[in-house]
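Below: a set of structures, written as structure tokens.
Next, two complexes with subunit A in common: one pairs it with subunit B, the other with subunit C.
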Partner chain A sequence: MSDITAGGAKPSSINLAKVLGPIHVWALGVGIVLVGEFMGWNLSVEKGGALGSIIACWIVGLLYTCVAMIDSEVTSTVAAAGGQYTQAKHTTGPLMAFNVGLYLVLAYTMLEAADVFVFGDLVRIAAEGLGAEPGSVDARPFVLLAVAVLAWLNYRGVFMALSINFLITAVAFASIVVLFVAYQFGVGTAEPLHHQELGMGGLPYGWMGVLAAFQFAIWYYLGIEGTCQAAEEVRSCGRSLPLGTMTGMITLLIAAALTWYVCAGSLPWEYLGTALAPLYDTSRMSGSTFLVVLLWIGTVFSALASANGCINDASRAWFSMGRDRYLPQFFAAVHPRYRTPYRAIIFLIPIAASFGFLQLLGPVITFSILSGLLGYTFMPINMFRFRSKWPLETIKRGYVHPFHPIPSLVLVTLCAATFVAVYLGFGTQLLAMMVFYVVASVWFVFFRYKYVRRGDQFTMAWPRPRGY
Partner chain B sequence: MAVAKQYQPPVQSGIGQAFDAVFILVLTFLALWIPLELNLAGAEKGDWLPGTVTVAQAEDGSTVLTNEAGLVKRIDAEGTITFENLTWEALGQNAVMQAQWEKLGLGLEDAATSITLRYDYSFSWGGLLATLAAILAYFVFLVFQSNKEYREVIAEKFGNGA
Partner chain C sequence: MLDFLQFRGPWDVIQAGAWLVSLLLLGWMLWDAIRVSQQYGEDVLTSSQEGVDELAMQQDGQRKS
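And then the complex of A and B:
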């Protein structure tokens, strides 16, 4: 059995700093995702009603639990930035790795654009709430300000960026718990919850609506797999990544259940399904100024934490692809003082900012969901190839997920169901966006791969894979 | 164990690197713009009323929906919506629902606009199967091509002999 002693980085004078612990991994994963409880998940209510949404939430939660289990096993042995991209490079091959890298970069960059768009809108809502003339506050300068500050934070160092993410994510999560306690136990509000009276028990579209709700139930968890991007910067990869990822997943399941419970008991489902910030709206129904301010802060913090985590993850994936020459090598530079992939960070910022600035929210969300889903579809392929090429006795893993191959089979089934749901929602847009990945793949095979050193891509100190 | 000949990639110029970065960037923008330009639509919401509904076409081109409670929703040729006999009861809203809408600062007309739109999930089996087949074909291509490239990587890393 081989021990994993080598990092994924190629020999170089400067590497990324190994400074992160489990709380940073938790902050990265939950920080990216938690904004989904503050906005976005409720579109699943519009698709299938309140009951349909919670059914979809739990089923899609199972999908993500499978993703987290598979990710934790493979990443606990792949101590390199790039996450699933680096996994794909070692288990499946270059073209798959290139595509997985693009899924990651685009899912996170698009999510970042949506986050800063929401942040700008929240500032506008607050300004109008404080007396500004409706329509007189332009959200776009706040979008640019948020992107600039977060980019600077990421540029200056990963430890500070993710320590701040831990603090603001914890405050955002606490705001959900406080809202639940206030409603459930009548603390600070006399307003009761009305699940039955608001029609929680019905499925307005039947089971077809439940299936359609999968499309946006993804927002309850989209991005938790991003914890793998920290693999090269954690002090103990085998311990911190599984611990941070699985506790992050548990946090999200709790947050999703609490969020659904208070929102579905307070807002008519037809309103809830189209609200911009449903938790904030639920706090407004309480009549408590404290809760309104707290949930506004929670919503803003969640949007900023998500954008911050997305900058971190997208840049690590872009950097890793540059390091392997899948993309221009220029992006493989590490800052000599701050030890961050600063060129990748700076390059991706204007892209996210421009999408946020242009307010193309619909296509941005579509692209983010599609890219995430394609990445999850890769995971069962990844797991089967990993276990067959390196059976358990051949290399030491930091974590071995139980019940293989059941999680992989469940995952591929749920991904197929979610593709149907995405087709119901996006129709032919789905195929139009698939064309992007096909064209990018053709470009990679014919024009880009020639710059890639063949053997150097395999950076792990693993034995030769079986069957090759 | 035979050692595979090491592949020496060409050196890419700075301009070439810039071109490749811009190419991916432009491709991403196109992927976002094309669905908008082609007006590719997903699931659309249609007009709906609670209970048994009759739909009629008026002489002026308006579409008129009427339910058993006497609620009428009229959509004229310009898309302007008007309601007749609009009450909370006719919208299927109980007292609690009504109170929550009002706490949100939304009146009867605002609520009616939200409540009387529902998704139509009818779809073409051909379109769905074609989409799923395209996704499957894409993954098969990725795995097949990757496997070819992977053999080359392993041969260079570990030598030709297994």
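And then the complex of A and C:
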């Protein structure tokens, strides 16, 4: 590459910087997700009770383990930004790729909007706790501040943005571990955990309640698949991506189990199912000021880490679609100094900020989850096509996931079950979203596809696919 | 008309500071993006190639030299 040249000479080509390692991949994946441990997952308790929630947590954990395994194998060979979008254009076709790209951008941008809204609201709550008159503090300047600072970080370079994400994600994760240790060993806590007395023993709504809990158990893991957006910027894609993704998934399984254990053992399930910030509430039950402050910091950091990762992922997906002319090529620009997709980052700022200002947490996060779920449903198709077109002996993979096709079959089955659960709770939103994607697809086919570089978009140095 | 400049307490100042810092950062990004677009041609800015492993190419170059 002849990009950044010495002596101030103008470059002839500019690519994204390859500066990331496995810890950045871990920070990207876990950072996006961990906010779901601090809030959101507990709505599954309302649907299925405490026991139903942990069953749903494990089953959906299996869904995401399949997602991580499939993603790790395909992405270890597709060293390009765009993640599942780039995979889709290689394995399936332009219309699928366009839709997957939209799923990604909307899932991450809506999640970012929800994160910054939560951050603004947490600052408002803290201000009122510190003596501000109730209703006098506006959350909106803090929503915009979070978007602006995080976008600026991402604009200035991916290495610093994800290094900071690693630090704040680690602090947020540590706060969960400290809360668990405090309760489990009775350090600074007023009462021990008592699961049985708080209604842990049964399924109040039977197995139907467990199924209904699936849609909220997704919060424990939503976004781990975002690690593959970093594929073009990691130093060793074949090694770093699988390592960062799988360790991230293990971290999330541990965090989910610890979160459920301390919350279900200290809060009645009827309250837990409706709480806004269950981990923070659990820390308040301890009577320890240290734990309350630590969990407030953990909640704030998790929201910021998630928003930061979402800016990174949404901008890479938007950038990649611009590069292939699925969107105007204007968005495919890379900053010559910072080596980031700066126009895509700037373009998505007003969208995230305006949805954050609207303070519609429920619809925004539902749109994000449903878009993510559509993306997961594509993954088994992706895996089957990848293995059939390019069998193991034809391409060297950085990671080969075991027991194929079992993970793909498990994933598609669990996705179908989760769609049923979503339909039970958000049927109208699900149908409205499907209409949106159908309309977007029609627009793409009739108005945009003519601009797509059909031959140039197949960039991997792979042999001709089997059967072609 | 300029009521928003009348600060009633420290949180009003903090909120005004948050608006100001946000606008400064957003303004800087816009200014920098426009500046870069004026300094470099579109063909250069949009020249990134998917699947190009520059590290591998550098290592190959070092081995050859």
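Here are some notes:
Heads up, the rule we're going with is that the second predicted complex is superposed on the first by the 455 of 468 C-alpha atoms of A that agree within 3 Å, B and C clash if a C-alpha of one lies under 4 Å from a C-alpha of the other, contacts with A are read in each partner's own complex, and residues count from 1 in each chain.
One rule holds in what follows: a residue touches a chain if its C-beta (ideal position, glycine included) is under 8 Å from a C-beta of that chain, and two chains touch if they have at least 3 such contacts.
All values derive from a computational prediction rather than experimental measurement.
Once the complexes are laid over each other on subunit A, subunit B and subunit C both fit without any clash.
When both complexes are overlaid on chain A, the residue A:151 reaches subunit C alone and has no touch with subunit B.
Look at A:355: by the touch rule set out above, it reaches subunit B but stays clear of subunit C.
Legend: residue contacts after superposition of the two complexes on their common chain; A:342 is shown touching subunit C, with no touch to subunit B.
Of the two partner chains placed around the shared chain by superposition, subunit B and subunit C are both touched by A:329. Of the two partner chains, subunit C is the only one touched by A:14; subunit B is not. The three-chain arrangement built by superposing both structures on chain A places subunit B and subunit C 120° apart around the Cα centre of subunit A, to the nearest 10. With both structures placed on the common chain, the touch criterion links A:96 to subunit B but leaves subunit C unconnected.
Set side by side, subunit B and subunit C differ in how many residues of subunit A they touch, and the one touching more is B.
In the superposition on chain A, contact is made by A:432 with subunit B only, not with subunit C.
Within the superposed three-chain model, A:450 lies in touch with subunit B and out of touch with subunit C [touch as defined at top].
Superposition on the common chain places the nearest Cα atoms of subunit B and subunit C 12 Å from each other. Residues 329-330 of subunit A touch subunit B in one complex and subunit C in the other.
Partner subunit A is touched in their complex by these residues of subunit C: 8-9, 11, 14-16, 18-19, 21-23, 25-26, 28-30, 32-33, 36-37, 39-40, 42, 44-55, 57.
Against subunit C, the residues of subunit A that register as touching in their complex are 1, 3, 10-16, 18, 79-82, 86, 127, 132-133, 136-138, 141-142, 144-145, 147-149, 151-152, 155, 232, 235, 320, 322-324, 329-330, 332-337, 342-343, 345-346, 349, 459-461. Put simply, subunit B touches subunit A in their complex at residues 4, 6-7, 9-10, 12, 14, 16-18, 20-21, 23-25, 27-28, 30-36, 38, 40-43, 93-94, 96-97, 100-101, 103-104, 106, 111, 114-115, 118-119, 121, 123, 127-128, 130-132, 134-135, 138-139, 141-143, 145-154, 156-158, 162. Residues 46-47, 88, 92-97, 99, 102, 106, 194, 197-199, 204-205, 208-209, 212, 266-268, 270-271, 274, 281, 284-285, 325, 327-331, 347, 351, 355, 360, 363-364, 366-367, 377-378, 381, 416, 419-420, 423-441, 443, 445, 447-455, 457-458, 464-465, 467-468 of subunit A are the ones touching subunit B in the complex.
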